[in-house]
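Two complexes, one shared chain (chain A), two partners (chain B, chain C).
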Partner chain A sequence: MARLSVTDLSVTYRTGDGDLTAVDRVTFDIQDNEIFGIVGESGCGKSTLGDSFLQLLDENGSISGGSIVYDGMDLAAMTDRELADEVRGNKISMIFQDPNASLDPVYTVGQQLVETITKHLDMNKKAARERAIELLDDVGIPDPEDRIDNYPHSFSGGQLQRIVIAIALSCEPGLLIADEPTTGLDVSIQAQILDLLEELAESHETSIVMITHDLGVVAEICDRVGVMYAGNMVEIAPIQQLFDAPRHPYTQALLDSIPERHGMKEDLTVIPGHPPDLRQPPTGCRYNPRCDQVCGMECETGDVPPTYDVEGTDVMCYLYDEGVNEAYEGPTNIVAEPGGDD
Partner chain B sequence: MALLEVDGLSKHFVVNGGVVPRLLGTRKELQAIRNVSFEIEAGQTLGLVGESGAGKSTVGNVITRIYEPTNGTVRYNGANVHELSGSDLQAYRQSVQMVFQDPYTSLDPRYKIGRTIAEPLKIHTDLSKAERKERVSELLETVNLEPEHRDRYPHELSGGQLQRVSIATALALDPEFIILDEPVSALDVSVQARILNLLMELQEEYELSYLFISHNLGVIKHLCDHVAVMYLGEIVEQAPTGELFENPHHPYTEGLLNSVPQPQPGGSKSTDGLTGEIPSALNPPAGCSFHPRCSYATDQCSVDAPPLETLDSERKVACHHWDAVVADQADERSELTHSSVQNDGTK
Partner chain C sequence: MSTETDTQTDIEIDEPGPFHEFYEAFSENRIAVFGLGLLAFLIIITLLADFIAPYSATAQNYDAVLEGPSMDHPMGTDELGRDIFSRVLFGYRIIFSITVGGVMMAFTMGTLLGLAAGYYGGWLDEFLMRGVDVLMSFPSLILALALIAAIGPSRWGIALVLGIAYTPIFARVARSESVSLSNEAFIRSLEVRGVSTPRILIAHMFPNVLGPLIVTVTLQLAFGILTTATLSFLGVGVQPPSPSLGLMLADGKDIIGRAWWMSLFPGVAIMLPVIAFNTIGDGLRDTFDPKQVRN
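And now, the complex of A and B:
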């Protein structure tokens, strides 16, 4: 069953040089107990998408269309107050790249855990403290009874990220949004944190949205993955399928640019050009100026392509449309037209 | 003779220095690198890999004379680098260049790109202004930038373009040897691919030697001829790249390789990665510094520090139990081949 349904979601930032649509009509579901990856390069809109679920966008950003349905509620239509009281930290919580920035340096980790627990759950301070110790133990902090009264500065980066995860999971949320949770960490610590997240997702029956630029991390823990380019989600596929049979030319090029997929000292595949300025995105498919597989006029004109279902992969590309790509022998399954405004 | 020979290099930093701590006896010494030795042949790339705090960057900084070593020598073309002076030192500084991780901080935001690239030419050569301008254009072309980038400021360029500018600046004086300290770590994969291709092209064209410092094993594997793995200031294993990745002899190398998430789902899961965290370099464990995290450790390991042993032609390893590590891998491999034969090897 879908735990979160995002439909035609757009997020727009107002800037001095005009409006910038950082997330453009994105549609996807997250199933129960699923780890869903959102992958893309800097500026593709993946963090904006993650921030929009709890309306944590910057001052100049707002949801300009579409819906985010969780547990029967449309998060996109809720006020800040309603979200703070009913959703944030309670039903949906979020962790970020830098645990130092997520924790308050002048409170002990225990105080920060207890605060979250007593705010959302009907527990007195004593019970909350016991629960906090259990949580620290769950995330692998040694001697939690003693360490609970320490301040953040006395923990290492990996341990701090574990504590942030403990706080995020303290109220048994149904969904955890993890935005580059292991990017600042060493590989050995990263592997430990990924294992921990996977384990906890299963034991707490939490679904995870894993936002990352690292295709290795995606391959390691995600069940399904959405690839973003210039604000569009250009491809959604089960993990194995994405790596074995990438459908979108951008996904193909992205995978080909990873050194691990090449022989030693072999030239790596390079994507020509740069991502577009989203204040003036190209007409047609947003990837067309860099694409080596442009197959018809439609690629370069009009709106973004519809989404096609190709053997279980959702892909926004005319290559899979018999009417545009003469070389394609079908079948053509349009699952969504670029709906929404314009 | 190797181009660069590093022999028994150590660098200790005093933390908590000053008069009061000295009187109180709370002065501490941080051993950033301990007894590091390696060689780089002309035209070759040595990768230096390890996690944060391993001492990788300190090695680079001692070679370029940013730091004086506490012990040991660095020889370049046979001459002790830290004894050079006058014109020899100037020649060394032209011949050895460095590229850092973050181009936003290594380029002066108030200088136009052209001025940044021309600066080493101004200091080290007697080219006229017009000649310098011409050389800057050449360099921009070499790193695949447009001539008009000369008149831009760093904030007008993307991260990948700025890293090319850093590389152009490093190339300005026709160096033989470049130290690349995490040159692609701040870049997106598609941009990283371009910079790696450029570095490989330049190496071939100008017969450059590289010391490639990185925590990214995928990048190291792609670019380097030899790899040295560092842990808490020491080299624990060194081997030709292919051998190191296929057949690691040190338990730390093995754990590190197992920790890297592979961009291929369903592959080997990181079940036997590394446990625990890196200890503080202020207070390294006695004996082998890896023993508290090592599954092969015995009593001997907590007392005796294993020396860096030369095994065959080119492999060196510092571990009392490397033979057990290798034997375990051979077992695993035979199991793997066994099961893949059963699965009809659909690779």
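And now, the complex of A and C:
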């Protein structure tokens, strides 16, 4: 069952030089107890997408269309106050990139855990403290009974991210949004944190949205992955399928540019060109100026391509439309038009 | 068991009290420590004025008019035969209570306004800060004079006036700290955890901006003493017969040739707490400044 359904979601920033649509009509579902990865390069809109779930956008940004349905509620239509009272920390929580800055330096980690627990669960301070110790134990902090009274500065970065995760999961949220949770950590700690997240997702029955630019992270823990380019979700596929049979030319290029896939002597493949300026996006497919597989007029004109279902992969590319790409021989299954239903 | 005890000790050595580092840094600043000692001395003699003062602050004695310093009257007497030493001690009480009251009022109002403005941003920030700019555009003494003219001179009136005149200073300091703090990830993650906005402002932002605000408090206390004394000197402050350091200075200035003690001692008395607050404030600023290199 879908725990979170995002339909035709658009997020627009007002800027001095006109509106910028950072997330453009994105549609996807997150299933129960699933770890869903969102990958893409800097500026592709993946963090904006993550922030929009809890309406944490900057002041000049707003959800300009679509819906985000969680547990029967449309998060996109709720006010800040309603979200704070009913959703944030309680049903959906979020962790960020820099664990060192994610905790208030003037309170002990225990005080911060207890603050969140008593806010959302009907518990007195003593029970909340006991739960806090349990949680610290769950996330692998040694001597939690003693460490609970320490201030954040006396923990290492990896330990702090564990504590941040403990706080995020303290009220048993159904969904955890992790925005680059391992980026500031060294590689061995990264692997530990990812293992921890995977383990906790299972034991707490929490779905996770993992926002990252690191395909290694995605390969490590995600069940399904959405690839974003210039505000579009260009491909959604189960993890194995994405790595084995990438459908979108951008995904293919992205996978080719992973250093591990190259021998020592080969040059690293890079995608030529730059991501487009989203204030004046290219017509047609957003990727067409950099694409090496342009297959017809439609690629360069009109709106973005529809989404096609190709053997279980959702992909936004005319390569899989026999009406555009004459060389394509498989079936054409349009699952969503760019304009949605209207 | 013994190893456990050892680890325990290690942890305690690794983590001295939260004020330890602060204390170390502050105590290195000799002048600030001197200021703190001076302030402690002034506070003690003010609190114990009832026991120390040889006379009442208002008792007149026509047998001892305009007497110079002597064993009976350590700072001499004024033209009504009142003991200046006693009047200075009781004068301290009044000037301290007015200044501390006024600065605390400004601290509370200014900090709340500044934190809210910096945190919310947008039109609230513009509205509050432009109001602050308007208040700031008047020199604080002129503003104080105008306000006193409106509400009439009284002890708590002056405190209120100080509170209003100094609010913008605290609002500006608090706002600038609040703006940079609002962008910190931990404030964002508090929002994500559903912590209410008043709680974020008071329980989380306030303790984090306290350092710079304490510096401002001490420096404003110094200005507050001066402003209170100035208002009294101009005759719109504490009204006679209550002992007022500023008024005593004003009374003495016309006859300074005949009775130098009448203006010298109240003048020095005004100077001492100002020096104390200023040196403490400078010391605290150096201590709280993260850019300061400590060896």
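Here is the rule we go by: the second predicted complex is superposed on the first by the 339 of 342 C-alpha atoms of A that agree within 3 Å, B and C clash if a C-alpha of one lies under 4 Å from a C-alpha of the other, contacts with A are read in each partner's own complex, and residues count from 1 in each chain.
Here is the rule we go by: a contact is a pair of C-beta atoms (placed from the backbone, for glycine too) under 8 Å apart; a residue touches a chain by one contact, two chains touch by 3 or more.
What you see is a predicted model; the values in this text were computed from it and never measured.
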Simultaneous placement of chain C and chain B on chain A, clash or fit: fit
Partner chain(s) touched by A:239 [first = chain B, second = chain C, both, neither]: first
Which of chain B and chain C A:75 touches, first, second, both or neither: neither
Per-residue touch tally on chain A - higher for chain B or for chain C: B
Angle at the Cα centre of chain A, taken between the Cα centres of chain B and chain C once the superposition is applied, in steps of 10 degrees: 80
Partner chain in contact with A:167 - chain B first, chain C second, else both or neither: second
Which of chain B and chain C A:87 touches, first, second, both or neither: second
Touched partner set for A:294, first chain B, second chain C, both or neither: neither
Partner chain in contact with A:271 - chain B first, chain C second, else both or neither: first
Touching partner for A:215 - first (chain B), second (chain C), both, neither: first
Where chain B and chain C come nearest after superposition, their Cα distance in Å: 5
Residues of chain A that touch chain C when the two form their complex: 54, 56, 59, 84-85, 87-90, 93-98, 101-107, 115-116, 119-120, 146, 150-151, 154, 164, 167-168
Residues of chain B touching chain A in the complex: 51-52, 158, 188-194, 196-197, 200, 215, 217-219, 221-223, 241-242, 255-256, 258-267, 269-270, 273-275, 277-278
Chain B partner contacts - residues on chain A that touch it in the complex: 41-42, 156, 158-159, 186-192, 194-195, 213-220, 239-240, 243, 253-255, 257-262, 264-271, 274
Of all residues in chain C, those that touch chain A in their complex: 11, 14-15, 18, 121-122, 184-186, 188-197, 204, 207-208
